[in-house]
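Presented sequentially are two complexes of chain A, the first with chain B as partner and the second with chain C.
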Partner chain A sequence: MAGYRRNKLVILMFLAPAFLIVTFFEMIPVGSTIYFSFHNWPGIATAPLKYVGLQNYANIFQNDDFLRSLKNVLWYVFWSVIGQVGLGFTLALMIYHVRRGTRFYKASFFLPLILPATSIALIWYFILFPTDMGVVNHLLDSLGLGTLKRAWLVNPNTAMAWIIIITTWSSIGYYTTIGLAALAGLPDEVMEAAEIDGAVGLRRIWSVVIPMIWESIRISVVLVITGVLKIFDLIFILTDGGPNGTTHVPATLMYKEAFEYNNYGGGSAIATVIFLLSIVLSVLSLRVMGSGKREA
Partner chain B sequence: MRRLTFRMLILCLSLVFVLAGCGGGSNNGSSSSQNASAGSGSGGSNNGGDKKVEISIMTRWGDSDPLSPFLNEVIAKFEELHPNVKVINDSISEEASYNNKLKTAIATGETPHIFYWPGVAGITDWAKNGVLMDVTPLMEDKEWFDGFISGAFEIWNLEQYGVAGHYGVPIGFNPEVMYYNKELFEKAGITKEPETIEELYDVIDKLNASGVVAWGMGAKDTWRLGHLHTNVFYHLNGVNAAKELGTRTKKWTDADVVESLALVKAFKDRGAFQQGFEGIDYNTERSDFLSGKSAMMLNGAWAIAEIMASDSPYKDQFDFFPFPYYSDKPEYKSDDVLYNEAFFLSGTMEGEEKEAAIAFIKFISGKEMQELKLQKYERLPSRTDVQVSESASQMMKDMFEYMGTIQNPGGDVHDYDPNPALIDVIRNSLVGIMLGSTPEQAAQEIQKSNDSYDNSRG
Partner chain C sequence: MNAMGSGKWRKSLTSGFLHVFLLVYALICLYPVYFSLISSFKKNDDIFASPFALPTSFNWQNYVTALELGNIFRYFWNTLLLAGGTVVLSALVGAFAAYALARFRFRFQGVTLIYFVSGLMIPIQAVIVPLAYIFGQVKWNDNYLVLILLFTAFMIPMTVFILTGFAKSIPDELEEAAVIDGCGHWRTFWHVIFPLMIPAIATASTFNFINTWNNLIFPLIFIKKKELSTISVGLLSFFGERTSDYGAVTAATVITLLPPILIYVLLQEKVEKGLTAGAVKG
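For the complex of A and B:
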């Protein structure tokens, strides 16, 4: 056994499949995207690539739609971290302490996760339907709050907020599940010791439970950040970036530039910015949460 | 800490790659499907064993599209007449999937032998780079060519965009008209179809007073407002003004163009559309019209087949009138919307494939198949040498007759512009106007997009 471990050929053989997959299906496409971002190309096989340096980056950063999409996605990330991780772990704590119906709650919160984005979009389209047929508007009408009725997904003041709410609704179960798994791993003796020491209720959650599941929270935050930055389908189906571009995020703009406007260089530049943003936000969040790491 | 950070970096990398794949995924799929079909594009197609020549066709007449059976029937008849040719049908009805698949095929040099694409100026780059075949030599086949609607091929004459030649073979035309519900009109005391916009305003007022939605509008699908604007624009400024915008001899910020945007908003201000129309989609708009909730619907000739196939209780009550003109602009009375459909041929075909593809495109656009399309599938042809069947619906007979009266037809305003982003910018700006932007702001946004495109092209 030990002999195999020292045999470099065997090591290479085991590493090769994963290395090739990562290289061909991840590293090379990412590298190609960065390479394309320095060129103009109209999407025609016979048309040559034209090197333009940083021009594509200059163009996107002078584009109001792109700047607005950046602002949108930063808010999207912020509220999604609060909503998905904050609420998700809170729900996990509540379910953890519930004695009856635990399976029902777990299944209920997890259910939206198994729905495809198209189904989610369709469900919410009817919930937010702009006339009285919409659940929200109908409810407001029934409560005598008819003046609050809106065309929620086409109102520039409410559309992005609803995208965030819908995303949170559809993803929260994932973070509840992570939270529950982390809570299930808490050693009984520590919890009992805490109780003997008088740490109960919120005090126990704050001083014992959260520090012990902190790593799960950190990973969840990174997953939310990277997940939200790549969200495309839900927005594409629900609003297509509208009304008038107010719900665009870089991912939807990237698609438009490359696949609708034949601007593959511009689309690649946006993809590269998403990539860099993903790294920066992930590292930043890990640093912030790492420096504030709580000790049990 | 460092290890975790590194792992997270790797995680980011893979997730961002997934993101890159959300656009590219469909490409890969398309590409492989494309490869599976016909060795696709203009590449090899001779199928060794039985020596059949394979040609591929990619249209929007796929899946559940009403013309999907028509295309299948044409292919079957063609293959019967040409036993040495196999036609591979790669059609997809869904717009985004179709666009992705076709663009990926063109980007990878696997252009289908025959394909559909909307628009005119947008194909200029393809023509310049040899993606498209110049069909001018085909026009010398008088027996085939003379039956087309006069000037039909000129729509795809790209000379004004700097490329010599004609690139599209007309496959169908669709006038856009106002469909209306006669019963609801009568209940509202309307006895005459409106001919001018002023009369249309009166009709809207009377319908509103009778308690029905005057005009259904599903502006969540932004093409609905785009089509309305095209109608307003042509009757206000003429079809030629759209071509002037495309060739940059006119600007979107010109007063008459801004006015066209403002006049679209005028319909909302008049109360023409239903509450919350900005968030309602086309399917709801259409079902509201079919169920009698709304009295009018602006739509293309394709809607006739949909109306006739529906179980609407008002099926016999539907009729149409041409989009009204502005009484102070009588010179543009017959500048009507006529959406055009064309098939294109790959510019890199040679030998037997080229001959087979040309034979197929002549067959499907020829008299016999265009007549089949009109008579069996209730879709207007691209030819005048066909007869509408006696058993066709009255609306179809009227539409066929109306199409022949259009003197100055035009497609979408953006069809004549080389800027591919324009379609979205115009339509989103129109939604913006409905939500509070001014027509001037919208015009500036649209012009800015064109300026940016022109600058990027040098």
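For the complex of A and C:
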């Protein structure tokens, strides 16, 4: 049996298909993106790549649109962490507390996650329709709050806020599910012991429960950061970066640079920055949140 | 006694308050789907005139428009083909790799697993430019086989992660019995390991199907011929052509929502497990 489990040829044969597919379509392209970011290519099949050194990076970091998209995405990440992890775990705690209807709540909160971003974006576009007609404006009217009506997605003050709200709406169930799984792993004795000690209600949550599920909160924060930095479709459809670039993020700008302006080198430089940013922010947030369990 | 009573009362008041909050939020989660469903049966003028009203009658005209003018049926079928191909190929090569990683001993075993799983960290944006370059050079655009391989590359990390963890839990005795019966590796895999992996394959496949079905950016860039488009791209161009035909656009939207919702309704737990695998232990 030992020899059976060490047959090199068999191991190789079983690993090869997955290995080759991942290597050719994922790993080599990632390396090539970094390589591309030092070159210019106009997007024409016959045109050769031209080495330009750090020029693409110099260009994007002198480009106001890119700098603004960086600022936008940092706010986007910040509010998404608060919204998705904060509210997501709060909802999990609520479901855990009431104990009834768990299945229904969990399923409802999770539903937006499985829907295509394209469809979600179109539905929300209609809900926020940029005239008097949209559902939100309709609702405000019928509540007698007609003065609050806005053209939500074409107003530079509200467009990004709605992108954040819709993102949070669509992903929150993920973190509620993670939170519930973490809470389900808590031993009953701990909760009972805490109750006897007089730590009840919010204090118990803060000083007993949160420290015990801290690890899943850390993982969630990293998932939100890497997830939000990737978001493209939602913004592409809802605002396409507008009005006036107030909703551009590096991911949408990258698409524009590469596939609308045929600036593939610049697009690759932005893609590399996105990749680096998601690593740096993840490591940074893990550091800030300490390692393992927080001190109770 | 008294204190206990008031504590209990307070507790149920809190519960009631929480239920109201949870219920309101659940409705907010469901509302957009409900809105598109009721709007898809309404006449265009009624959709925004009274967005909260139920449709007065079942008007299928919007669906007819979406299917005929929007070509939605064609895109639906195309996407089903792509997602189906991706699910099958990912399950197959993922199960192969998981078998090697979980049931054998070799050097660089840990590193190989990390290599596969690290794919989870890679954003799609980080690969599309060089792929656009290569696909242009070797004329791989509009090629479903290539697109299925590309999707599969992005599904393999999670598939291998789920299947390897599962395959490790299969008891040695089952495999040994097959070997004693004279089965080689290939037959042992197909007759013992693969059938046992089916529940985990189902979990991974729900993840793979939903992610492929929902993807916009790959077909947007790598499919140039309109008739080969996927449903997300098709929906978007239908919206572009008939922006103010709200009824038909919402009808087309409802059609795009059907497969993921159907899968979720049928396999709720597998979907939740598949999507949160890696973040949730067990």
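To be clear about the criterion, the second predicted complex is superposed on the first by the 264 of 296 C-alpha atoms of A that agree within 3 Å, B and C clash if a C-alpha of one lies under 4 Å from a C-alpha of the other, contacts with A are read in each partner's own complex, and residues count from 1 in each chain.
Here is the rule we go by: a residue touches a chain if its C-beta (ideal position, glycine included) is under 8 Å from a C-beta of that chain, and two chains touch if they have at least 3 such contacts.
If you're wondering where the values come from, they're calculated on a predicted model, not measured in any experiment.
**Q** What does the overlay on chain A give for chain B and chain C, a clash or a fit?
**A** Pair status: clash.
**Q** Figure out whether A:42 sits in contact with chain B (first) or chain C (second), or with both, or with neither.
**A** It touches chain B, and chain C stays clear.
**Q** Based on the superposed arrangement, let me know which partner A:111 touches: chain B (first), chain C (second), both, or neither?
**A** So A:111 only meets chain C here.
**Q** With both complexes superposed on chain A, which partner does A:251 reach: first (chain B), second (chain C), both or neither?
**A** Both partners, chain B and chain C.
**Q** I'd like to know which partner A:158 touches here: chain B for first, chain C for second, both or neither.
**A** Touch partners of A:158: none, neither chain B nor chain C.
**Q** Quick one: classify A:6 as touching chain B (first), chain C (second), both or neither.
**A** The answer is second: A:6 touches chain C but not chain B.
**Q** On chain A, which partner's contacts cover more residues, chain B's or chain C's?
**A** Greater contact footprint in residues on chain A: C.
**Q** Examine A:135 and indicate which partner it touches, taking first as chain B and second as chain C; both and neither are also allowed.
**A** Only chain C; A:135 stays clear of chain B.
**Q** Who does A:233 touch here: chain B (first), chain C (second), both, or neither?
**A** Touch partners of A:233: chain B and chain C.
**Q** Touch test for A:207: chain B only (first), chain C only (second), both, or neither?
**A** Neither partner.
**Q** Which partner does A:283 contact after superposing on A: first (chain B), second (chain C), both, neither?
**A** first
**Q** After superposing on chain A, check 7-15, 43-51 or 367-375 and name the one in chain B that bumps into chain C.
**A** Stretch clashing with the third chain: 7-15.
**Q** Residue by residue on chain A, keep only those touching chain B in one complex and chain C in the other, then list them.
**A** 25-27, 29-30, 33, 43, 45, 129, 219, 226, 229-230, 232-233, 251, 254-255, 258-259, 264, 267, 271, 274-275, 278-279
**Q** Any idea which chain C residues touch chain A in the complex?
**A** So the residues of chain C touching chain A come out as 14-15, 18-19, 21-22, 25-30, 32-33, 35-36, 39, 47-49, 51-52, 92-94, 96-97, 99-101, 103-106, 112, 115-116, 119, 121-133, 136-137, 149-150, 152-154, 156-157, 160, 176, 179, 185, 189, 210, 213-214, 216-217, 221, 231-232, 235-236, 239, 246, 249-250, 253, 256-257, 260-261, 263-264, 268, 271-272, 275-276, 279-282.
**Q** Under the stated contact criterion, what part of chain B meets chain A in this complex?
**A** By the definition above, chain B touches chain A via 1, 4-5, 8-9, 11-24, 99-100, 103, 106-110, 125-126, 129-131, 219-220, 222, 274-280, 420-421, 424, 428-429, 431-432, 435-437, 452, 456.
**Q** Within the complex, which stretch of chain A touches chain B?
**A** Listed in rising order, the residues are 25-27, 29-30, 33, 40, 42-47, 59, 63, 128-131, 151-156, 218-219, 222, 226-227, 229-230, 232-233, 240-245, 251, 254-256, 258-264, 267, 271, 274-275, 278-279, 282-283, 286, 290.
**Q** Would you tell me which residues of chain A are touching chain C in their complex?
**A** Chain A residues touching chain C: 1, 4-8, 10-11, 14-15, 17-19, 21-22, 24-30, 32-33, 35-36, 41, 43, 45, 91, 94-95, 97-98, 100-101, 104-120, 122-124, 126-127, 129, 133-135, 138, 169, 173-174, 177-178, 181-182, 185, 216, 219-220, 223, 226, 229-230, 232-233, 236-237, 251, 254-255, 258-259, 264, 267-268, 271-272, 274-275, 278-279.
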